[in-house]
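So, here come the structures, one by one.
After this come two complexes, each holding chain A, first together with chain B and then together with chain C.
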Partner chain A sequence: MVRLAHLWDMSRCVACMACVIACNSANFPEYMRSSNPNPQWSWLASNIKVWWISVGGRPRVLLTQCMQCDNAPCVKACPTKASHYDPKTGLVTIDYRLCIGCKACVVACPYGARWMDPESHMPNKCLGPECSSRIENGLKPVCVTVCPANARDFGDLDDPESSISRRVRESTTIRLREELGTKPRNVVVLRGG
Partner chain B sequence: MALRISRRDFVKIAGTALALSSIPVSISVVSGFRQPSVSRLEAIGSQREAVRTFCGMCGALCGIQVVKVDGRIAYVEPLDGHPQRGLCGRSASTVWLWDSPLRLRKPLKRVGERGEARFQEVDWDTALNEIAAKLREVVAKYGYKSIAITHHDVWSYYMPLFSYLFGTPNVISHVGMCHASGTVARGHILGAGGPPSVDPDYENASYILFVSRTPGTASMGVLNRLRGNRKVRIVVVDPRMPEIGLGDAEWIPIIPGTDAAFLLSLAHVIIEERLYDETFLKYYSNAPFLIKPDGKPLTEADLVEEGDARKYMVWDAKTKKPVDHKTPGIDPDLLYEGDVTLKDGTVARVRTAFQLFRERCSKYKPEEASRITGVPAETIRRIARELALYKGVVDDTWFISKNGNDYDDVRAALILNVLLGNIDKPGGLCFQESARFPAVITVVTRDGKRYARTFYDVEMPEELFGDVGATRVDRTKYRATPATFDAILDAILTGDPYPVKALFVIGTTPIHRDMDVDKIKEALGKLDLLVVIDILPQDIVDYADYVLPDTTYLERDEFTTVKWTLHAAVHLQKKITEPPEGCDARSALWIMFEIARRAFPERARALGWRDEYADYHKFEEFEESLSEILVRKVADTWKIPLETLRKELEEKGYYILKSKEYMVRPYRVALGTPSGKCEIYSLTALGLGLDPLPDYRPPPAYPLPKADDEFYLVNGKGPLISAHALLMEPMRFFKHLWSVWMNPRDAERLGIKDGDIVELESLAKPGKRVKARVWVTEMVREKVLFTYSYVGRRSKLLPENHFARGGVNIHELNKAYVIPIVGGGASNTSVRVRRVT
Partner chain C sequence: MRSLLLVISIIALVLGPALIAYGYTIKEVHAISWGLIVVGYTFFALVTVGATIVNSLYSVFGYKGPGEVLERNFKYGVWFAISAIIPAWLLILADLAKPLEGFFRIIVSFAFESRIYWMAVLYAILAILLVVELIYALRLGGGAKSKLTLGLAIAVLILLVDVLLASNLAQVFGSMVAVPGWIGIHMAVLFLAGAVIVGASGQALYISLYKWRDKSTLDYVTQFYSPILVLATLLYVFLLGWTIVTAWYSPAWISWGEIVRGAFATGFWVVEVLLGVVIAIALAAYALLRRNSIALMLTSVILFVVSLYRVYSLIVHHQSIALSPAGLPMILYYTPDAAEILMILGGFLVFLALLLLGTLLLPLGYEEKPRRLWIFK
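Take a look at the complex of A and B:
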């Protein structure tokens, strides 16, 4: 079994936004100059969201994207099975041949990780097309490779030898909103090893 | 709906699905000799290739690779193995720059009043001929030195060439509004130069204290190096939380303009608790130098007839007498205080420089420093002890032109490293290895005649030097300054020390760089000629007589040193693409030579310019040959086979000429200070009439805020900040860039909510008001407002509702203040806040 996931390290990120911006130009080049590319999030055409938060009075930043839930509400909510687990990668994936643009998945996602494409009226999510193609070619997603702070990783959680597994072992980590039972795979590192 | 179909089809046809991103683009990978060689284009997966180069979105020049997908520049990645590995949000936005709708595409000639931004497109010949004619007029009336050129990092290598090309000494960079005070201080304490002639050893440091700076504001290579160090503790001292504070760094919010008091208090604790490196201070610093009551050092000339005034005396604890500090086998007393008999028989009371510094620091006991800085006394003690315990390093600062007392901040920061003995050691404050890169121009003397010799081996005889030898305008006012553009404004306005009538602004934007926008505009209005060379409509463009479109870093070759590394290294940038269709951009090098060819043909010819280079393709051959020559010269200097260097540059994009060697300066090689040692008591400062020791002085640049509604207004950089990157579309979505930051407790007190509009009225320039949106955040200290640099655009060439109009250009609210002698400006100010909505 392959369980691919993203790791994002809060202790290393400096909010330089390279990942947020590169996600846009790599995956959604058609929306690079749109005046309102992602009305749902009032955001650029990027699969990564930025939250300015306060933890115990201390300012922090939190970057989120599709959490790759093992028990994904979006997959359950999809009436046409367009949202599904890719048998090869285990990633939550959309089969656009089946998608009817009903937004059930968008509403169902407790992380708000999906946004409606303003032209196709279909949902977009991480991984975007270029990143999907990259992992097929054995490369890591763009947000991981662009990071100057080594705050990101991507790989197979079920492979103990993968760099992501090593980082999980060596760090203090959390999964976001686990209480919902979504079993998110994506890892947030609070303190690096 | 082609898009929907392709996206739908994507999963099914993964692998070829990149067709979806193959929206029609017109990037033409140029053919022939200019195309990056195959080895620089590494295929990474289907339809992808990566071109190794270095970034030009800010002046740091990090190593990156530009990834093309189906021929389209799709994204930029850090260049693995590069000693200054990229990247950041600025670099990521490169993809938007190339065919930005804002790009300056044709030469423009002003048809309205200055500031109205009414232009007509003209062809290159018209623009260049008219500029040349005007220049000739100006020179005939006021001389070559009435021409000034200002710039930032881009094209800075060629600036000395432009100086000879136009016969003027007045090539004056941005430095007065950036690191001038730091550069002067580095010279005075360590005999070093601008950043990063010394820099923390990020890879190996165990503890780094950053004051008024954060890694990741410019060179992300620095952040990358830091993030590869798993043991380092990072502490940042700043009125606003630098971005690295969002991660694991400790942020100490400090009252603006009080860094020196904080740092001297650290020094006080380190000295009184004897946490300093006694051996280092005795043998590698001037701490044991004996200082006379008049503040001058005791030298051999004071003691014996025909003694050497450069032999500085220390008290030898072994022989109990004053001896030259270089005498072998001595034990210099750090704490000596006593009488010495001078050669004329008089007795002078001398004390060591260390005692004087100690006495100075004792003014800043932690409780007193706490009162000044707002940092708890216990925090000061803890940081001092941690610095000593971890053998920490205090960063030498970067952008520091903030409060008008910054020179002392940097001196105190540097001296802390000297106290800790952490100079040029692994994990310490280290000297960068020199790449011994050829200077663009050097003056050589042959048969009693001087020639300006270029790196491409062309010589201009001295009769064509024009006014190059005249004193630069800024140095007539600020003797020690590396560059102070404010002095050019004064010269334009008053004609003192001599008139400046023509100004070239190359890749920089004084209206967002220099103090007091009103003063800048008034000066611009008095010029006979203002030429702006840039790629985007910075605010300065509105005032130009001629606007000339420059190329981006993707559109030209460059070979230069890697800046932000301790190693000696070079890297190569290759032209990746032509400018987009309809954009007739030309390299600033071509522009300046072509103006000179038309204005002063004998000067251009003497510097190797041929008439045929007017043809841009011929010029590009010349430009490429310049890189080739530089590569050859570097290979010669380092005795590397040319083919080896070429091959490495082609394959990897960079080459490390020499890895950092520790423990060289001041241990085996004397520093560039008068004593050759680290000078906690600066003899250069003394000679300039400055206080030889750092001290805290309240910020002189603006009135201190007092009333409830009065605030400090401070500014800074960040990983998204550069004059160009900020105009790229993605920046619109990051509200922290376009707002003034306010602490939640201040906001609550004043009844201000996140997103409210406030009016800021300058306390430095009463009546001067601007409006801004507020971002309520814990990332700024109470009683302080923060704004990024380069925001608050006003150019009429930007669309009316352009996002870059958001935020505050701090220079609209400050008043020009320049540190005497040193020449560093002060960008921060103070304001009264009133809620508007």
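Take a look at the complex of A and C:
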């Protein structure tokens, strides 16, 4: 079984936002010139959300995207089965032919990882269309590729030889808000190996 | 006069959906996902649920009320419930990105884990049952006859679906772990008690308005609805208190705390507590003791409006203050836009137009029987 997931290394991230911009330009090029492309987040049309948090009184950045939960609330909340696990990759995916735009998945996500498209009124999430096709072709998502600090990775958690599995083994990691029982796959590295 | 009212109601019935349709074309995306449209939908759903629970006192339990007021106005009560279910449908479909295929997609998906799936199923069943009950009562005439076996079976089914629907609607919100303020079990009982308040107050107002010349009926309406409003409000206060106490010891306090003593405290204490509890109970008690129908109508108006605010607060305020992925509180600012306000106005126009049309065209009076086209006056 393939369990694809993202890794974000907080200790390496330099908050340059290259991943955010890359996601925007690769997956939502039509919104590059829009003045208000993502009113839900008051942000760019990007599937990566930026949270400014305070750690020990100092500002830090927390980057989140779809956590690819094994027990995804969005999948359970969806009344049309549009949000589902892709049988090939195991990734939480939206079938836009089935989606009716009820926003239940957006409300259900405790990570705020989904945002409503202001034009189509349909939900967007990581992975966007360009990144999905990259994965089908054996490539990594654009946010991983462009990161200048090697703070990002993507791969199969069930494959012990994958780079993501190696980094998880060698690092101090957490999964966000595990207490909710969502079983997020995405890994946040607190201290790299 | 009747022709004028008929024209007004038909215009309103056309204008209401037109406003909803126009609002749909210009609606915007907000920081919170479920805003005023979902509030309006939930409000009308609770009106139907509450009115049906009040109707069931007669249709299921055989209680006719003082001066047989419940029996004599049973058909009005059923029509009131049906009139609210239609704007609820219109509003929730208009909140979807694909309203025309939304209901069909939900029904054929068999997504049993989704609460919204069950809403569609239960809502469809309730609407069908209510129409069947109305036609049954219209064809039979009177009220007592509808207690015959078939009528009772329909009424019991309606009550069952009704309670399931209200509880499931509450769980649409209560099952969302992303919004800690929506505490599952508490939402269900709050919705049921709130439904009785809004359903009873709406019915009391409706019946009082069309029977405003009939002093004895007004007197019986006052005797019947005043204690219901007092008791349902007291029950709501108890359940709300229980919810707040529970929230104090859980993450839910991040939003409940803001409601009780933070950003939304003014609305809570002035609208929900002062108007919706203190003044409403005092007025309803006065109405009951003095047999004052004006006081009952005033109570009903207050509770109807306060109920809309309560639903707004339950749905919007708890989404406005949530926990970030790091577990820290975050504030999402939301103000209803013009499109949402137009759609809500459209919903209320449809509701009022249907109430008026039904009262004018259907034989809803106790002694009335259909003369034209099987169900019309």
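The working rule: the second predicted complex is superposed on the first by the 193 of 193 C-alpha atoms of A that agree within 3 Å, B and C clash if a C-alpha of one lies under 4 Å from a C-alpha of the other, contacts with A are read in each partner's own complex, and residues count from 1 in each chain.
Going forward, contacts are C-beta pairs under 8 Å (C-beta built on N, C-alpha and C of every residue); 3 or more make two chains touch, one makes a residue touch a chain.
Treat the numbers as computed from the prediction; the structure is a model and nothing was measured.
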| said: After the superposition on A, what does A:Ile21 contact: first (chain B), second (chain C), both or neither? | reply: first
| task | Report for A:Ser120: first if it touches chain B alone, second if chain C alone, otherwise both or neither. | result | both
| request: State whether A:Arg169 touches chain B only (first), chain C only (second), both chains, or neither. | output: neither
| Is A:Leu180 contacted by the first partner chain B, the second partner chain C, both or neither? | second
| said: Contacts for A:Pro129 in the overlay, against chain B (first) and chain C (second): which applies, first, second, both or neither? | reply: first
| task | Examine A:Arg12 and indicate which partner it touches, taking first as chain B and second as chain C; both and neither are also allowed. | result | first
| query | Looking at the overlay, does A:Cys99 come into contact with chain B only (first), chain C only (second), both, or neither? | reply | both
| query | Looking at the overlay, what does A:Pro59 touch: chain B (first), chain C (second), both, or neither? | reply | first
| note | Across chain A, the partner (chain B or chain C) reaching more residues is B
| query | Between chain B and chain C, which residues of chain A are contacted by each of them? | reply | 42, 99, 117, 120-122
| query | Mind pulling up the chain A residues that touch chain B in the complex? | reply | 10-22, 24-27, 29-30, 32-33, 42-44, 50, 52, 54, 57-61, 86, 93-97, 99, 117, 119-122, 129-130, 132-134, 136-139, 142, 145-146, 148-151, 191-193
| remark: Listed in rising order, the residues of chain B that touch chain A in the complex are 1, 3-4, 7-12, 14-15, 17-18, 20-21, 23, 44-48, 69, 72, 74-78, 85-89, 91-93, 95-96, 101, 216, 220, 223-224, 227-228, 230, 241, 243-248, 719-720, 729-730, 732-734, 736, 777-779
| request: Enumerate the contact residues on chain A facing chain C in the complex. | output: 39-42, 51, 53, 62, 64, 73, 76-81, 98-104, 106-112, 115-118, 120-122, 176-177, 180-182
| said: List the residues on chain C that touch chain A in their complex, please. | reply: 27-31, 33-34, 95-98, 101-102, 105-106, 109, 111, 113-117, 119-120, 172, 175-179, 319, 322-328, 330
